[in-house]
């Protein structure tokens, strides 16, 4: 087990280096001179030159990468925005909780829907309920989240006036310049984003859980459990579901990690200042440190979640634990 | 002067490394799937290879066919060393040796028509125009007992036995000298299995074929083979004429294997006392020292069998065994398990 | 009175292509402490017969008819919960593939204890000690420690021993073994067959052994039923089936065995392939492959009738051929080979 953890951790380090290097190269070969942006509109050539030097932009790529990594590893600093000289760390610190709220809330919602519906469909394939669920799945997959988001805010928010149309409220209470705050406001503002976010994923997960459970129910050991005289409930709960959830856990880890990198559509539609929102904004203004910062943050999340899932997997499946 | 054997395998080895590490892979062990196997097959004969799962018989076959690259040893086919040949040389040899596989469901491409499955090798080796190939394929289908009109059908339209006939036709298409059959009938029902065995026998006479016939079913191997080799954990432990080996096995493992086969004759079955081996076949990663059978052998002698590896030696004409204390008596009824006076000398 | 008496059992499956007649009117009985072997090729309905008795077919698409009387109860009619209490307790089952028949995420111990506790309200300790006893009975070394191991830590043969232990832990009256040694190597098969014979002596369970291997039948069976295309074609004591078989299909099975053919001679296989059970052939289902078939075989379904006309005889065959002719053919085809082997 310890060996397994160490192996996974080492893998994570290798992955991290590969990801940072790749992002770095990709963004730094874009032919824009950030120094001009940083120095401002009225900058003289001398100033631009000075800024270029300060930003390490006149050095070869590997020195730039080395500097970047040094800052990242020693000072845990992702650098400063070219636009307003804010530290990228502080931007991510502010944005990450917003995205996390969207993603985790959404994940809870989609699992709450998908697990019962998926299992029900698997146990009664071709029944009326299953058919309804499958039509729902098709609709959920086909509907684009941007459309769903706008429709929801139009109908529920604007026409029926039940929930706020957009914007974000702090969970802890209103901060300066904000009109709302506290758990209630936060929750009401998050509801529509969660629903929007969950619709697509619950559709995917219903389909996946359904097929996974159906497959597991055909396994020989499920037949063995029935032959032992286990009641159907026990057969399903104890013998089928635990095995059927293995692939679901894997997918869940991947999906959550990816979504943390930016639930872009939902954040844009509902004007939530999360990571995706910031990333898009910065791409338009060529504010590369923020773009790189969000990408790297997302990669770290993917790595961490993969690690967590691998470890969780080992807990569920003894074959991996003991390998 | 004896005729040169068609296939000669000397000290063949195939090891699969087990590695650990992320970027720098370190070998921490190896699976000794085939570990020093020697035998030869004469033209026109059938060599049967028996052994339990994991004994290395299929790996051995794949090395002989050069579908896997051997780790060591030498394979001579028709007088030519084919152990390390590549490219065009290998391509030419491939035409001379063909393989029939176990699973008639998985070994035929489901999206191809029977005609192109059987004719593929002919096309690859450019053995005729399209029309000629088509005629040849239809002849072949007839030869293996299928209707030539089935030329345009897909594999799923056939039963297991018919598919195996297609597999045989495919192997036969380029008129190879050697056909290696890897468990060709073990996925089939008994009645169909018998059909395929008869077919293989008839084709051997008709086309002057040489077979290496690999199977775990001892009765089937006995029926089709002239000579039989018994494998255990990557080694040949005994090889001999079918009648020698089955009527008077010398290696205790061969004896155990033979006596483990259920006899479809109740009076015989119920009156014999089979040697039932204890335990399981050990892992080929760390095989037992010296004689690999020693931990399970009823005739094991400490200080000999676990120290000194027995070599394949000829005990009677054409009958070789790798054992320090070969069985002295057979059948099972009066088999004494303890070695008598030291028989190894 | 037999332990299990099955009468005119029919199991049909509704599929997208039509109704599959998987078992089509099969009757047999199993005596206390005896072994009945059901023999036939794949798809002949031998496994489905067992699954039906156990009530393990999917309810959604299965039609079942007939009777299966087990200790005064009709297994096909009783309440599903009642049947569940019999399963694993009075009737147990083991399956072909020991590699996939155990749940990979639970320890062997947990799965054995479950088998005990499903049927008896006993403490975990009691269930545990009974499980360990059973593992010892099936000769698993270091039984106590191995209770905490997972299935993947066992070899195929060992897993089948665990399956047998699990099936016998409640001391059932009847054990149904569906191809229990087919996935195993010959030496392992020999171990398992020996174990099953010994356990049958010790525990006195009756066994239904489903197999395609006549060798296994010869080694273990008291009674034999030969099935072809969802019907029983011949039934009898093991000596009847091996030494006086009367159905051409049984002859074909025996003639296909390399062991029973003289050296150098060709095998005598059955031509053709088994028919589809979506539209089984008319009359005798074997007539398309039978070299002896004549005019009545095509329209008329032969009844399974006692050989020699004595209704007391256990040996029964479903064939239109003249009894005298059958006897002669049987003798000519097999007697010599069998006699020779008896040396």
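In this document, chain identifiers A, B and C correspond to the written order of the chains, with residue numbering beginning at 1 in each.
One rule holds for everything that comes next: a residue touches a chain if its C-beta (ideal position, glycine included) is under 8 Å from a C-beta of that chain, and two chains touch if they have at least 3 such contacts.
Since this is a predicted model, take the numbers as computed values, not measurements.
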item: Farthest chain relative to chain C (centres taken as mean CA coordinates); value: A
item: A-C compared against B-C, more contacting pairs; value: B-C
item: Centre-of-Cα separation between chain B and chain A, whole angstrom; value: 54
item: CA centroid of chain A to CA centroid of chain C, Å; value: 54
item: Intercentroid distance (Cα basis), chain C paired with chain B, Å; value: 31
item: Footprint of chain C on chain A - complex, ascending; value: 219-221, 223-231, 234, 238-239, 242-243, 316-319, 322
item: Residues of chain B that touch chain C when the two form their complex; value: 52-53, 159-162, 189-195, 197-198, 201, 216, 218-220, 222-224, 243, 256-257, 259-270, 274, 276-278, 280-281
item: Of all residues in chain C, those that touch chain B in their complex; value: 41-42, 155, 157-158, 185-191, 193-194, 212-219, 238-239, 242-243, 252-261, 263, 266-271, 273-274, 338, 341-342
item: Contact footprint of chain A on chain C as seen in their complex; value: 54, 56, 81, 84-89, 92-93, 95, 97, 100-105, 107, 114-115, 118-119, 150, 152-153, 163, 166
